[in-house]
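The chains carry the letters A, B, C, D and E, assigned in the order they are written, with residues numbered from 1 in each.
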Amino acid sequence: MTAPTPLLEAKGLVKRYGRVTALDHCDFDLLPGEILAVIGDNGAGKSTLIKALSGAIRPNAGEILLNGSPVQFDSPNDARAAGIETVYQTLAMSPALSIADNMFMGRELRMPGLMGKLFRKLDRKRMEDFSRQKLAELGLMTIQNIHQPVETLSGGQRQGVAVARAAAFGSSVVILDEPTAALGVKESRRVLDLIQEVRARGIPIILISHNMPHVFEVADRVHVHRLGRRLCVIDPKQHSMSDAVAYMTGAAVPEGVAEPV
Amino acid sequence: MASADPFEDVVKSRREEGFAEFEPTRKGLWGRFHEALHTTPALVPLIVLLAALVVFGVLLGGKFFSPFALTLILQQVQIVGVLAAAQALIILTAGIDLSVGAVAVLCSVLMGQITFRYGVPAVAAVPIGLAAGTAIGAVNGWLVSRIKLPPFIVTLGMWQIVLAVNYLYSRNETIRARDIETQAPFLQVLGTKFTLGGAVLTLGVVLMLAVVLGLAYALRSTAWGRHVYAVGDDPEAAQLAGVDRHKTLMSVYMLVGFICGLAGWVMIGRYGSVSPSATTGVIGNIQAITAVVIGGISLFGGRGSILGAFFGALIVGVFELGLRMSGADPQWTYLLIGVLIIAAVTIDQWIRKVTQ
Amino acid sequence: AETSACLITKTDTNPFFVKMREGAEAKARELGLTLNSYAGKVDGDNETQVAAVETCIANGAKGILITPSSTSAIVPSIEAARAAGMLVIALDTPLDPIDAADMTFATDNYHAGVLIGEWAKGKLGDKAKEAKIAFLDLDVSQPTVGVLRDQGFMEGFGIDIGDPNQWGDESDPRIVGHDVTQGNEEGGRKAMENLLAKDPMINVVYTINEPAAAGAYEALKSMGREKDVLIVSVDGGCPGVQNVADGVIGATSQQYPLLMASKGIEAIAAYAKDGTKPAATEGKAFFDTGVSLVTDQPVEGVSSISVARGQEMCWG
Amino acid sequence: MTAPTPLLEAKGLVKRYGRVTALDHCDFDLLPGEILAVIGDNGAGKSTLIKALSGAIRPNAGEILLNGSPVQFDSPNDARAAGIETVYQTLAMSPALSIADNMFMGRELRMPGLMGKLFRKLDRKRMEDFSRQKLAELGLMTIQNIHQPVETLSGGQRQGVAVARAAAFGSSVVILDEPTAALGVKESRRVLDLIQEVRARGIPIILISHNMPHVFEVADRVHVHRLGRRLCVIDPKQHSMSDAVAYMTGAAVPEGVAEPV
Amino acid sequence: MASADPFEDVVKSRREEGFAEFEPTRKGLWGRFHEALHTTPALVPLIVLLAALVVFGVLLGGKFFSPFALTLILQQVQIVGVLAAAQALIILTAGIDLSVGAVAVLCSVLMGQITFRYGVPAVAAVPIGLAAGTAIGAVNGWLVSRIKLPPFIVTLGMWQIVLAVNYLYSRNETIRARDIETQAPFLQVLGTKFTLGGAVLTLGVVLMLAVVLGLAYALRSTAWGRHVYAVGDDPEAAQLAGVDRHKTLMSVYMLVGFICGLAGWVMIGRYGSVSPSATTGVIGNIQAITAVVIGGISLFGGRGSILGAFFGALIVGVFELGLRMSGADPQWTYLLIGVLIIAAVTIDQWIRKVTQ
């Protein structure tokens, strides 16, 4: 099997914060239509990697290629313009605004007709109905008031809103940084379904997660991150979860890789 | 350990679920009132305002409740009202603008001097003045958004610069009301009076109301308004979520500059003359910030309503006129206004607390 | 109903206006008038004065005494008050145009400046030609009083004043510089230090008022130069005159705020009774309450009164 | 078996936020020396319950009993004075302060001798060494700079600091609200060990978690929370995870309970 | 699905692990400099200050680098320096204090009047004045912490109240320097001069340095200091973590009141006389806030160092004296200071950026 061109690729990414090295010549590739899981210890640099891929930070060195050609994202909006939609670990919500406001931030719906064209009036009702429906799909039925500011939601409800947003609007790549960390059993399950629905639409997904059973259930390939770089990529069908955990914690070294420390 | 238990299967099939529902906990008028306070935060300063009106009405009797006195309040808060609307916008983005008053004065001076020094017709001088205000706003916005300087410092510097330019450019000359009236009446057009059911209003008052209501609409019902709140609430999050922080900030600062220009035009209407040493240049900023904070907008950004700021301006206006009319001497007036401002916000807090 | 009157001063933090208010209050009590006092928030505050005039109209006062912060910008409000049937008297500072008020009871600030300028010139004699002069003014916004006193001093001292509505545009090499003091000790000291840093050889200091002069003196004293510098000032308040006696200030032009205020109240009382309006001093467009130079070192050709006399006449 | 007096008990707690009802006459009890797990859907009111127990919010109605006698906590400090130590879901850290500063917030160590007594000088070194050791015990070895402000830590590292703090200083009750949500496989494991160590010290623990295998591994009893109230308490040895999930999601109703909605 | 895989067993046994280590990325002098900037944020305003000194030194030559001019700067910033230290404390708690200047003036007036009006000896009058400052601080703190009013409003009200009380109580009378010198010299003791290697310093300058260094120590090296930062950073989190928010805020506001009292005492030393109309009462707050913000303390609380605030005060002092010495006229000075303040913070930002 000759490898297809990666949709999104990164080479030698470096990111330093003062004394701290978060990415240390890290490589990365995402193939079209796949679900790529990224796993690694806490602080391995997974979030930093996807922040670099989605334009939220600018790496000190290295290059990013989209469909084989180098790109530079100066802001998350640049990446979004290229079709990359991300759920950050910090969720990136405006705490004082309502659920619907947050769902549609930056892509608000206007009223039809004159009110919308001339007065640019928002179509509150349509946005709220849409939000309610998306949350119901995720099983978040405990939300009592759709006008609630996001800061008053429970941890899991808040994460649900962020995931629903990315899944609903994702166009060419969807990146999910620990999307189920705060979610309940039912809600996590629904997110996994959602991920598979998105992939079925032909959109590749990057999934960061510490939940091995979930990773091994949905991923096509697993990128193991360790100490700021990619240690190896494994096929979940040929490796067990124990292998993956052993690699990422440093308890075992995958073949053909010299233990870095 | 039971990790082989396929517990997730329980939730694999979807069941019909209803949204969680609880019995409404409070009913009747009091419940509605609570509800209203929660959805419309500007109601709280409005209540304080009405309370202040009642108190002074009782103290001063018919003299205070005359159409003359009540419309006088509106006329006296015209300028602060417009500046407070501008200031509220900036504060919603978690900024602060110390230059609003100075920009207003400079714009009024520009409108006057351009007409009188260079003979440009007033109908052209006014737009030039407004453009100048917008340009100053753009500089502020650029420094805040691109160079990422703290708004306090940018506008503090701009305040001093604008005031000095204002004195230097005008050569400390006042253009007299009589001259404007005869040679360029358009400059004073916002001072035009008309009666509406016994109350004497000016076009300047109408403009103030239009600015406040227009901004209230834009902030609540347009995407731009949502972006302003989001940027003020958590700029990082807003940017990650897809808001163009730079564009939003630039639009806010430029709009604020423009509104300050309008305030300058209102000043000519109200005072008749054009004077570079108008005090608004020196204390307009604090007055506007005070109105905004009394109106319940958080100085940390992202929370509050512009109508609140307007009520805040009116509250101070009522206190000042009420105390003056009751003949308190100036230092006692200052002292009492200090006490009343604290009292107003205490009542505000109290209302919020009991209606939690 | 009882007759009420308004007093509107520029600020109420400057002792000058505090005394003016005390004079007005005393007279009003004597004549049975209700007096409401108002003041601007800072020097040059026209807006608050406009609001005060409007309040007086709303309150139905019979007359207004006002020391205008901005002599021309206040005029439309004054016209409105007069149209409402009130007697308006300008105190201390004439309006522009002067006939916008029914009458003006004032000292001539420009003349007050001229007196100290002439005195300083006479005191220095020949050395006036190479004097090094510091000007400690009021504020960068150049309120009218400050400009009048400053430019008056220049004329008295023999300096070409350029634009009479502005200080700072002169080119006389004897001027070391202008700085602003807000008319208090704090500003006086700092401004003096700044100008001394620029040129330590300053030997004449014009000050906007006596508190600024006291501050300037502290700065000079800390550099050991208090003996060889001539400080002149304007106002004539009791602490100021005492400072003349102590040698802190060389000479000061004394004004009479209590007199202005009590005259003003009398005029309003008369107007309320039978509609008579006060008349101006012979040959002038206003009622001159006078100004005298207070010093114990009289100079020929400049009329002055002694410090003892100044202390008798000082306000308060 | 007659029930021992609960160490911590709550009766009929109600908490409303405007239109939203977060706790709806909720009961609760914690027995001495046990690990009590609290499970429930997102937004069921679990966090609100423990906030009420730890003095972070004041309930609108209901009472709390400590060792059988009613108490009222007006602030988290009151609860802490009673020996209740909590890891909140929001972690309650000061973002700009360092790891050690956060670990020792409110219970700082002073220098020995005069410097400490007279000048109240902090013993930085001792606090940093202690923090480093606690983090190492949790397996958080990716922390490169112990002076790093907490806001620059990765999501999991931050959570690790909060858990280490509570475990190190817990005295009579330790409450953990989703302590492993952001943690990796290894780090979660260590937290479970830690929980058992704390229990071995005789200190009872309240553990909120969405991770059923973990809950069933360590808990002595499981409190199932649903729609703002306690639905039932189950014994993990007599019920399967599937039962628990069915109860908490409303797919099944435990015996002797009428379906509330 | 492989959920029966006992993957967690891999990590059940503990292995010896080392902390993650990476090669230090930058070395040598430049690397050390970076490191220093990261650990000591006050270095940035210090660099700006030194740059300003160099620029004016080059422009003005020896005149500026004379002991006279340099110590003059210290003397001129004495009061603002002390007030900035107080203000920095409040701003670190995410508050703001508009009353600092007014409280300082009132305390100086109290010290003077208590001595002269009631014949209390000066050594007793000074502590009474300091106690009054502390009491005002306590009222501010109580309103902020207990009633939960916004600090901006509380101190705005207090500012007006204190200023009015100041004028009313003093009856606007100045106590002359000569009288104090002869009758109560202790009031002026902080004006006492002494020479130190050619530089003339006053006890007031020494007091300022002591206040700044003392606070810097307390903030960095005591538990109280950590609590101040925590409360300013995230009050909710601090409280949940076990900080007594109320106690911390009260201690801060009371200490600030006390320091303002000290500033009032410094004022008597510097100006000789006691005057209720000192400019500090009106603009002392803005001057102090400006110094704090130039010094790199965030107005949102919890970030920055008090030494930075002190350097901020010095930066403004250098600009003012430098410009006056180079002969700019007052209006131009006013304008240029505006420009320079913005420039100073721009350079500050730039240093932070290139050394990221």
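FYI, a contact is a pair of C-beta atoms (placed from the backbone, for glycine too) under 8 Å apart; a residue touches a chain by one contact, two chains touch by 3 or more.
The chain list, named the UniProt way, goes like this: A, D = ATP-binding cassette domain-containing protein; B, E = ABC transporter permease.
None of these values were measured; they are calculated from a predicted model.
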Touch-network distance, subunit A to subunit C, counted in steps: 2
Any chain in contact with subunit A as well as subunit D: B, E
Most distant chain from subunit B by Cα centroid: D
Chain pair with the higher count of C-beta pairs in contact (D-E, B-D): D-E
Euclidean distance of C-alpha centroids - subunit C vs subunit D, Å: 72
For subunit A paired with subunit B, centre-to-centre distance based on mean C-alpha positions, whole Å: 40
Interchain centroid distance [CA atoms averaged], subunit B/subunit C, Å: 37
Shared interface positions of subunit B, touching two or more other chains: 3, 6-8, 10-11, 17-18, 20-22, 163-164, 167, 331
Two or more partner chains touched - positions in subunit C: 12, 42, 140
Residues of subunit A engaged with two or more neighbouring chains: 18-19, 21, 43, 90, 139, 141-144, 185-186, 212, 227, 245, 249
Pairs of chains, among all present, that meet the touch criterion: A-B, A-D, A-E, B-C, B-D, B-E, C-E, D-E
Complex interface listing, subunit C residues touching subunit E: 12-15, 18, 42, 137, 140, 168, 177-180, 182-187, 189-190, 193-195, 197-198, 211, 214-215, 217-218, 221-222, 239, 242-243, 246, 248
Subunit D - residues contacting subunit A, complex: 17-21, 40-44, 47, 89-90, 139-145, 148, 152-157, 160, 178, 181-188, 210, 212, 227, 245, 248-249
Residue ranges of subunit E in contact with subunit D within the complex: 7-8, 10-12, 14, 17-22, 39, 217, 221-224, 226-227, 229-230, 233-234, 236-244, 302-303
In the complex with subunit B, residue positions of subunit D that touch it: 16, 18-19, 21, 24, 43, 212-213, 216-217, 227-228, 240-242, 244-246, 249-251, 261
Parts of subunit B lying in touch with subunit C, wherever the complex brings them together: 63, 66, 68-69, 72, 75-76, 79, 163-164, 167, 171-174, 176-178, 270-273, 275-283, 320-321, 324-325, 327, 329-331
